[in-house]
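Paired with subunit B in one complex and with subunit C in the other, subunit A is shared by the two complexes that follow.
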Partner chain A sequence: MLSLKKLSTNLVRNYGPLGAVSTSLYGSTSQPSPSRPRATEPPKRVVFISQSTDVFSNLAFEDWLYKNWSFEKRSILFLWRNSPCVVIGRHQNPLVEANIPYLESAGVPVARRGSGGGAVYHDHGNLNCTFFTAKERYDRRQNLELICNVLNHDFGIQARANNRDDIVVGHDNKVSGTAAKLGRTSAYHHCTLLVRTDRQQLRLALQGDKTIQSKATHSVSSGVANLGDIGGKDMTVEKLLASLGRTFLTEQEQDPRLANGFTLINPTDDWFPGLGKIEADLRSVEWIEGKTPRFTISRSVSLPPCLAGTSASANITVQAYHGVVEEVRLEDGLIACEELTDLVLDISTSLKGTPYTPGIFCDISNRIRLPQPLHTQRSFL
Partner chain B sequence: MARVLLSTLSTFTHKVSPIQLIRTSTAITHAPRYLSTTRGVLSERKYTEKHEWVAVDGKIGTIGITNYAQEALGDIVYIQLPEVGTEFEQMEECGVLESVKAASDLFTPVSGKVTEINSAIEDRPELLNISCYDEGWLFKLELTVPSELDGLMDEAGYENFLQENKE
Partner chain C sequence: MASALRCIKFSYRFLNINHGPTQTNIISQHGPWCVYGRAHMHTHKLTHAHTPTRLVTTTACWLPLSPTHTHTHTRLVHAHTRSLHTTLPTHKLVPFILADIGEGIKEVIIKEWYVNEGDTVAQFDSLCEVQSDKASVTITSRYDGVVRNMHYSVDDTAFVGKPLVDIEVSKEDDSVGAEVQEGEAISVGRPVEEAVMESDTFTLPKGKILTTPAVRRMATQHKIALHEVVGSGKDGRILKEDLLLFLEHGKSKTTTTTKPMTTTTPSSRVPPTHTHTGVGAPVVGVPPVPSPVMVKVLGQDRKEVIKGFKKAMVKSMSLAMQIPHFGYCDEIDVTRLVEVKASLRAVGEAAGIPRMSLLPIFIKAASLALTHFPVINASVDDKCENITYKASHNIGVAMDTKEGLVVPNIKGVQALSVVEVAGELIRLHQAGLNATLTTHDITAGTFTLSNIGSIGGTYAKPVILPPEVAIGAIGKIQVLPRYDSVGQVNKAHIMQVSWSADHRVIDGATMARFSNLWKAYIENPVTMMMYMK
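Up next, the complex of A and B:
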């Protein structure tokens, strides 16, 4: 928070209360794209900076803006940072994308965002940028070009956007990942920017369980780099934030007297009625686990001698949808005695509809070892 | 009318070469029974300005997105459909279509209660790109306010709308 206060004081001191640079620093303006049907004046640009580092509050504010504001007359750049967390895409499986046991033990939250794309790790060395526009003005490349121009002109870093809309430096080292959400009239495009992120933690946090078979959207992993390693000691998140904000406001050579400057945002329900409910939904099990697409996970379970046939273990598959168990079955192709087949069927019936937890295989294993009459006793749990 | 039929044919057979298309249209004129069935389904389809379509059969409406929409979205990678039994109002958000470009909210063009979802498309989201009017249907619902259909565009109206808004 201190650094943000310092930042805003500096901005006011250097650029006046409206916080904008009066002359265009870089000499070039973006050409209006010929595909834009509107001949009316371009939307006013506003920069919001979050005062919170809580991922759920920030994601909730993003969603709140997207749902409550119209972007016909203004485009917004929202700049935010989070304490360590993992953010997965709308249709991803947290078990596949993140090292859940490690994150739980470290108290690092996992959040699911509303946009698509893959899983990312955030910490204080990462800057998030969200570009809000009217749906017709949605243009990811344009936003990424703005960022690359800033990196080039202000920090001397040769960055470019690749065909996956990642920003890369050097030999395809990724410094930014992109995702977007399209609604009826509004759209947003957000991306990360790795400045001084702990890459060791990033790697550990994103080591999910890849044995899970799933219809969920998968992350495409890449080698990552920190902009701070390339841009030198002067490259900090604060400086990048200020540069991006400044460039966004002045890019279209707007009359600086009209530019609205940087606005600090406190993403709470007091300031934005309805935000509390959105935040509560984002924290809920129904959202984080409940939006997980159908997946199956198979494990080898050892069998007691009375059930073991040719093999002392069996591959059991659990299928779950939206975080709830749908079926437990034996892996196809296994020749099992009738008793085992019936047993697995009974276990499936009793576990169906219960929330999926990673401990389920331990539970199944225990049930298999029980004497016959107790196989499906719920009280065992 | 021939233009409408040909444009419909091109929608269903968009990967077919022009020569094959001519052959198909000749075949159609010699198969009036098939023609009338197709025409019956077509005349019931209504469109919104946001490129959703609804095809009504009695009280049940089948919902999908148009060719323009699927092209704009790009390759679809995941489809989140509504739950059977849920009720929606017109233009309410009822699902998500994720493509390589973005996650797009899906809105229902009419009010109703979901009776069926296309589970084939859940397993094979690419069906939405390949066949958005046929195999790529999204879900069916029982209409609760049938008069809403009057406010939607018919095929000709939608074609005009696309022409007018061409950039």
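Up next, the complex of A and C:
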């Protein structure tokens, strides 16, 4: 009988890296080992490493695995890195979490992931790990403990997971943030690991507009540290990646030959049919902006002399839902003159349904400054 | 007694009942007597979020709250257990309890609803997204049914172990409480190369059939082998609809196979799913059909590529049929014209026109009428966005040549005399016969007359040549009895005309008046002479 390893290497040669994975599937389903009963067999562990640094491709692959694979027989650790980007949680407001104008000018994309939690900044000095398991085997602490063990044994860094499921070093300096998504049968838990991230950029990128009021999930900010600063000059993302992968595979396996080793993943539609669609959805405005929970933002707009009553400016509030303007209203409406309230009502009806942009207040103040004849026209109608 | 009942009527909009402390506040303020509305309440949009569809107000339904119910529990659950609602007799309202998420989590926040009240959900459809700590969880339905009573709205805190929604399931589905075999429901080890996100006809390996227990029972009732049925639900699940479809197909299959195939062309085949192509009851009691005579076809089918004029006709006719045509027909008494035909001929001969016919007169009369109805001499563009009232009356005359239908036109009829029109007509006719018609002859027409009556026929339905907007077909002249003004039956020469016009720019009244004017000119040539320009 051909050993599984020889079979998998043959398959890798013929069918590419994923051929090896399919061996394990067929191998395990068609030839159950008589010594161990099926039900209590621990799941095989596989490590996937992404070859892409595009945040949308990687997020799409994460989602693809979550939706298309069954994790009854396998648990997967997916390791990935992205070029500079900001990733916000599923129910967050990008305007609140990230400095959108700065990111737009710098060409840094903002992506929304499918799991909850807060906003993070990714770049090449940051390693992302995603642990895929069946829902019954979902255990965040176990995953975090694995990471802390690796940091302790291989790099001599004293790291621990706190009660918020962040990995901290020293005096509560955060090196990792966690988020998770649970479905009916599968679940995943992912976290970041800051190794050599540009902390300056991180701070600038995550400076959102905190004056916005909403019920979106708020990020809890904390001081961050780079593992690379603590672990020594020769600690790199690649080394951490290798250590994590190796530990993940060898932790539970009695027989190291059955571990399938590292698999390089190229997250494209050719390899994974359906990935293209997920990626397109993740890039779409409907997902990134369209999933923003309801929020209101108030600014003070100066009024032209004809409309100014007792004060020279008015507080205008814009309310938006799913990235689309719902209402524009006047705060402290009692002291405003009737023309102003009418005007704000008009502006509200005309702006309703339009996508919210940060420049909306400029637009509103322009509309308020309409020349007089247009006002009189309205009164004739 | 009524005084003892402190009846408070308030609208749910101002009441925040999901947070424990507020609930106790209400009870402490107003005592244990609180108002319960009807249990069939829509979700209460409680906070400053404005979604008018969810507004709920109570109706006067005063009920005492028993003193024992003082713990902070969502009111609607109470209402449900007190069975205040009127459920339909055939349906059962089942509370879908929020199952344990894990990690010792007791409460979660509802972040998004994927269903609305009244939506039909199937088992395993996503209901909502909740967030606990850092985990975002998708809650899927355990039952098939209709969503009723959404107990929470977005941004509310939901409790584990308490109902999330109530689902109305049909009574016959007794398996509602039964646990679905999770092991069966998950398909195992799909190899990567075949894994497709949304595959409609997903065939499972034999032995793994996904269905609900209710569907299985129905299958055994009807003696259906489940592995023969194609599942159309998620992951290849077999739904009740699939069983019903399978039963229908099974019936139609048996009828098509019993009917004998008696077709004249052996290549045609009746598809088994079409039950209404005459495949019905077996042929009984019909007199024996005589065996068909085999017609000997001499020669062979001849295939030809459509080119030249025919191709142009294909193109122009396809374009023409996009115009909304309307027809208008009339009968014209050309007795007077026929009477003077002899003298017309004589004048024609003198002018060099051999065998003058009545067609030039019809053409000239049309031009005279067109001056009064310029819209009929107009032209529209493709999208019918612009209309051009043409100044020149270029009246086309349909000709039947060796190649087929050609419509050359006589330019500027408004400035030509009848003799000149006749001369042009002859020239075009000769050119048509010799196939020497130039592009100038064929293009820039504004109105067309077709003298199909020269071949035969009375009424016709001519097709407009784009970009024109009207066309007339003249039938043959017949001798028919008609009443005259005195009431006597006389011999009359009757000719029919059929007009077709583009209804986008011409209305019926305009066409009728044009036709009447043209008819007036022709029926009484003196009028034509008087108005001749």
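The rule we apply is simple: the second predicted complex is superposed on the first by the 328 of 381 C-alpha atoms of A that agree within 3 Å, B and C clash if a C-alpha of one lies under 4 Å from a C-alpha of the other, contacts with A are read in each partner's own complex, and residues count from 1 in each chain.
Note that in this section a contact is a pair of C-beta atoms (placed from the backbone, for glycine too) under 8 Å apart; a residue touches a chain by one contact, two chains touch by 3 or more.
The model shown is predicted, which means the values in this text are computed figures rather than measured ones.
Trainee: For the three-chain model obtained by superposing on subunit A, do subunit B and subunit C clash or fit?
Mentor: Partners clash after overlay.
Trainee: Is A:116 contacted by the first partner subunit B, the second partner subunit C, both or neither?
Mentor: A:116 contacts both subunit B and subunit C.
Trainee: Once the shared chain is lined up, is A:217 touching subunit B (first), subunit C (second), both, or neither of them?
Mentor: Both subunit B and subunit C are touched by A:217.
Trainee: Just checking: does A:277 make contact with subunit B only, subunit C only, both, or neither of them? Give me first, second, both or neither.
Mentor: second
Trainee: For A:180, using the defined touch cut-off, is the partner it touches subunit B, subunit C, both, or neither? Pick first, second, both or neither.
Mentor: both
Trainee: Of the two partner chains, subunit B (first) and subunit C (second), which one does A:293 touch, if any: first, second, both, or neither?
Mentor: both
Trainee: Quick one: classify A:155 as touching subunit B (first), subunit C (second), both or neither.
Mentor: After superposing on A, A:155 lies clear of both subunit B and subunit C.
Trainee: Classify the contacts of A:72 with the two partner chains as first (subunit B alone), second (subunit C alone), both, or neither.
Mentor: A:72 sits against subunit C, while subunit B stays out of touch.
Trainee: Using the superposition described at the top, determine whether subunit B or subunit C touches more residues of subunit A.
Mentor: When the residues of subunit A touched by each partner are counted, C comes out ahead.
Trainee: Once the shared chain is lined up, is A:61 touching subunit B (first), subunit C (second), both, or neither of them?
Mentor: neither
Trainee: For subunit A, which residues lie in the overlap of the subunit B contacts and the subunit C contacts?
Mentor: The overlap between the subunit B and subunit C interfaces on subunit A comprises residues 89-91, 114-117, 138, 140, 179-184, 189, 215, 217, 291, 293-294.
Trainee: Which residues, counting only subunit A, touch subunit B once they are in their complex?
Mentor: On the subunit A side, the touching residues are 35, 37, 89-91, 114-117, 138, 140, 179-184, 187, 189, 215-217, 291, 293-294.
Trainee: Give the list of subunit A residues in touch with subunit C in this complex.
Mentor: Within the complex, subunit A touches subunit C at residues 18, 21-22, 25-26, 28-29, 64, 67-70, 72-73, 89-91, 114-118, 135, 138, 140, 164-165, 178-185, 189, 215, 217, 271-274, 277-278, 291, 293-294, 319, 326-327.
Trainee: How about subunit B: which of its residues touch subunit A in the complex?
Mentor: Those in contact with subunit A are residues 50, 77-78, 80, 91, 96, 98-99, 101-105, 107, 122-123, 165, 167.
Trainee: Mind pulling up the subunit C residues that touch subunit A in the complex?
Mentor: Answer in residue numbers: 49-50, 101-103, 111-112, 124, 129, 131, 133-138, 140, 154-155, 182, 185-193, 195-198.
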